[in-house]
Amino acid sequence: MTNLLILQGLNGLQFGVLLFLVAAGLTLIFGVMDVINLAHGAQYMVGAYLAAAFTGLAGNFLLGLVLAVPVALAFGLVLEWLVIRRLYDRSHLDQVLVTFGLMLMLNEGVRILWGSAPISVDLPEALSGSIPVWGTLRYPVYRLAILGAGLGVALGLWWMIHRTRLGMLLRAGASNRAMVSALGTDINRLFLLVFGAGAMLAGFAGAMMVPVISAEPDMGDTVLILTFVVIVIGGIGSIRGAFVAALLVGLVDTLGRSFGPILLRSLMEPDMASQTGRTLAPMLIYILMAAILAVRPAGLFPVQR
Amino acid sequence: MKRITRISALTAGLVLTALPALAEGVKVGVMMTLSGSAAVLGEQGRDGFLLALEEMGGKLGGLESEVIVVDDELKPDVAVNRARELVESHKVDVVVGAMYSNVQMAITGPLTEAGVFVLSPNPGPSALAGAGCNPNFFAVSYQNDQPDEVVGAYVSGKAARTFLIAPNYQAGKDHLTGFKRTYTGEVADELYVPLDQMDYSAELAQIAAAAPDAVYAFMPGGLGVNFVRQYRQAGLETIPFYSTFTVDEVTLPAQKKDAVGFHSGGDWAPDLDTERNRAFVAAFEAKYDRVPASYAAHAYDAAYLLDSAIRAVGGNLADKDALRAALKAADFDSVRGEFSFGANHFPLQDFYVTRVAERADGKFQTQIVEKVLEKPVDAYAAECPMK
Amino acid sequence: MTPALSVRGLTKSFDALKVSDGISFDVAWGELHAIIGPNGAGKTTLIHQLSGSLAPDAGRILLGGHDITRLSMAARARRGLARSFQITSILAGLTALENVALAVQARSGSSFRFLRQVARESALNDQAAEALAAAGLAGAEDRSAGTLSHGEKRQLEIAIALAMQPKVLLLDEPLAGTGHRESAALLDLIAGLKGRLSIVLIEHDMEAVFALADRISVLVYGRLIATGTPDAIRADAQVRAAYLGDEEGA
Amino acid sequence: MRLSDRAMLVTFAVLLPMPALFSAMGEPFLTVVLTRALIFAIAALSLDLILGFGAMVSFGHAAYLGIGAYAAGILAANGVTGLEVQLPVALAAAGAFALVTGAISLRTRGVHFIMITLAFGQMAYFLMSSLSAYGGDDGMALAGRSTLFGADPFGSSLRFFYVTLALLAGIWALLRAVTRSRFGRVLTGTRENETRMQAIGFSPFGYRLTAYAISGMIASVAGVLLANHAAFVSPSYMGWARSGEMIAMVVLGGMGTLTGPVLGAIAFILSEEALARLTTHWRLPFGAAVVLAVLFTRGGLLGALRGRR
């Protein structure tokens, strides 16, 4: 049981940092630009496809990953320039619709370009296989790598936001938009940058996951919804909130799925328990979100406005 | 004879050979899942059927054919609408479809009530095999549980404790039920995962913790791609992997080496040694540049079955009883060799356990390990009132 | 006789900053009581606490002798506390008449009525039209509120407040942002209300305040340093030092 | 008469002879397609009450469609096909779900409201997906068409069309009355300026919650119709993408009017059907159309109509 708990804890953390990578961009885009971006999940998907495509060309996943990230950034910049900047003075509703339309287009676009079949990528030799972590239990090396990379990015983001001028602008922008302009910053450039960086982070997350879950159309949709849950729980605009909430959602989801039925079995008949567990497990994080919002309507770390 | 080529109204880019709306022709609706990530199966089915039709010069049983390909989007409500449209607008005689059991259950009732014959190239739901069997429905594939029963029987002698995993929907439960029907060992645990889940780290950790002698999975399509790769990455490949619909020619292009050595079960494999099958596989690969899966093989058979039946009734589609009898006779040369229908219009055929292997040309396919069951009657046939 | 409004020891802090520091004052029935103070004195915070959009840390607010400290803004409004907003706050998509009719509706019967057309309720419309006329907006009934001029919007705010038939009216800088002619019209309007209902007026325009008010309270750094008639305030040394002196010196 | 009313009467007048026209064209199936569009028009109308008149952007409205569909489906599976039972059950279930989730959701504002309604929609979706007794993720075929006191209102596609059209007209008239009532004016007021409404003595919460419940209940009527139309009930009716589509219908048609959502839903469903016939990749041009329509038109279809006058 302890062994399983440790493994599932690692799994939950790894899922959590992945969610954080996607959520960080989304929460900044919300917080700083006040734009709801339903196409954010599609950017995760685009990252995955780019990594798969470049790996195919380069013949090496790490090279593919390195190539995919700047292209994901460029893709985000182009998207901002073409569409998103037209949404800044629009209502949330218009933003929801336009990005919903974009999401449909991107999902269908990759299907036209790459077909419906999942595309997978082989792991580099150095990162494949598993290593013992606790007694006889082993853990995949690559998942540890994802965990490490995610934590690294989180650390980098923390440093940037709390130690650099850009970070200061972002924090200011999340709580007071007028102030950023008052500081003499070109707000359009800042927005372009934020959107591009968000797209890049989501793309990076997608690219990293390709060897694990393979690229397929619509893969971003589930992630998008989970990410929404994360940033709403964390408090929209708060990177710290996104980080805490991402780990929370990752752990609750993973541990709930694994231990929920086991716990329920001590309470009721095995058949009943597995049935109830199956019903409750996917709903768990939504229940968590509803419960947190019922108590704290602005999330765990509300940004003062 | 010169033929008018016409693009079906429903599928741009899909060129079919057919004459428009001939009174004496035969109209066939082909309903497959052609959009969304589940489309790979539907594309196989569609291509298998169209390949057969092309070989027959666009004729079925001597009649000019018009084929209307529709996409069910894997949404039963959409499928029902499109099915009604096939009946009411296009006045089809036969529908070949669908690809997924839920769609099959949704369309079979409305179509057969309208007097249309339905030939399934893949799903054989238990509800249509037993008490709910239907005179106008023919499963050209198998009863859904049969591939699992085959694997269950095969694993029984080899593993004392087996861990089961499937997606949390009806077909998932059915398939595991099929496995348990013939498996005599102990079930270590049974996991059901959400259909839209892509990362199985938590489930794999549970499998590792349970340390079973074997794993049995029904993880179709994209689920299987991810599950198999992650299974390998988690270092679980020392635990023998048995499955149905999890490693097949649809998923192998993505799973590649990760699936090699993994087992599956079914009524067909690309290397099935019949002359008819060798010709089919060669023609399919030449035309579409990919290895056919069972979905294509079944749809291909469905076309020839239809051809044989229409020929037997002399092209008189109005005589439904005669046409039904002709279909039931299954007087055609199947890629699967010996093939006939039981009383419930489900096939009597041999079943095999297969294993994934890499071919000399670098492509991957399932290959037959051994024949496990000879012409079994499915578990529900006895409840069917049709004689 | 119980005062129309009485405030006792109202205290509110933001972090370490005390923005309301034990404020106490009374407004008699029919009195126009002005509150003045330099920028940052805490006038806005005070009116937010009076109207109910901000909860005080300590202290009590009594409306006609009833404690309303814990009531929501809407509940206070139903008990007869009306307010105008510093930044114009109207229902821009509705007509002027509809704006005012809603205020009438709020105090006359349930609004959980779903089928009868509200536009045909003459009782609402008549009273609303009356309030509009009283605020100098006769003839503007069917104009969309969003298209009114700035001064007219301020008049509309007062019409809405009047339609509520309040016991106490809070006017939060009613002259802010108005031009000379507009503010003259508004001043006439407020002068006309004087004596008919109790008014708390917060205003920057000193000339107007001293001309209109019955009594004036001076708020500096969250504390009331003086309350009295305009003449008494003018003469108060503390006030001159803390506030008027500054202003005259500036 | 207002433009919106006139446009609606014209729309009804155009819809009325459509089945006969389709028959004459030899395309009777188009009646079935149009019926589906009308069902979504009812759903879009219901959403417009909270979205257009109450400024509550619900991203979980498809849940109510599903609740209605499942009420019909589950009752039919248990042998109860009468609409006289199915409709009250659907209304009660949708109303109860709306009151409970609305009471929590309405504590939040703006983006948070969008997200929490989405979360509740997903919860309903997962709940139905795991109802294995009623088909779980696969859904289930409707055991029998709904009846009304023994009559068969959905017996033929023609009858189905006119029953749906009549219901649409009735619901349109009902909502027209509601939005012009005392209640409707308060709701519109809270959309315009919540603080102002509080300052004149209205607590918006109760009004919002009531509107939210009414909206959900009307959507459940569309759900009952949809179940009969498809002869099938599926959790896919409740997915978040369906909620997004419903928002698109309302906004593209023209929100805050009662004609806009009807036109929007009809245009949406018909163009979806038409594009799906042209290409399996119909989502690409469809998505592009949504993007362009929102970016370059304001006020939706009805707004465009208004602009041309």
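Labels A, B, C and D are assigned to the chains in the order they are written; within every chain, residues are numbered from 1.
Convention: a residue touches a chain if its C-beta (ideal position, glycine included) is under 8 Å from a C-beta of that chain, and two chains touch if they have at least 3 such contacts.
On a predicted model such as this, the values are computed, not experimentally measured, just so you know.
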item: Of all other chains, the one whose Cα centre sits farthest from chain A; value: C
item: Distance between chain centroids, defined by C-alpha means - chain C, chain D (Å); value: 43
item: Chain centre separation in whole Å, for chain B relative to chain A (CA means); value: 36
item: Rounded Å distance, chain A centre to chain C centre (Cα mean); value: 49
item: Centroid distance [mean C-alpha coordinates] between chain C and chain B, Å; value: 76
item: Residues of chain A touching at least two other chains; value: 111, 278, 282
item: For chain B, residues that touch 2 or more chains besides their own; value: 35, 39, 168, 194
item: Multi-chain contact residues (two or more partners), chain C; value: none
item: Chain contact graph, described as a line, ring, star, complete graph or other shape; value: other
item: Chain-chain contacts as defined at top; value: A-B, A-D, B-D, C-D
item: Contact set on chain A toward chain B in their complex; value: 3-4, 7-8, 11-12, 14-15, 111, 115-120, 122-123, 128-130, 137-140, 142-143, 209, 211-214, 216-219, 222, 254, 257-258, 274, 278, 281-282
item: Residues of chain C touching chain D in the complex; value: 51-53, 72-75, 77-78, 82-83, 85, 89-94, 98, 101-103, 105-107, 110-119, 121, 160, 164
item: Of chain D, residues touching chain C in the complex; value: 177-178, 180-186, 188-189, 191-193, 195-203, 206-207, 210
item: Interface residues, chain B side, partner chain D - complex; value: 9-13, 34-35, 39, 71, 73, 75-77, 80-81, 84-85, 88-89, 101-102, 105-106, 109-110, 167-171, 173, 194-195
item: Complex interface listing, chain D residues touching chain A; value: 51, 57, 59, 101, 104, 107-112, 114-116, 118-120, 122-123, 126-127, 129-130, 132, 240-241, 244, 247-248, 251-252, 255, 281, 283-284, 286-291, 294-295
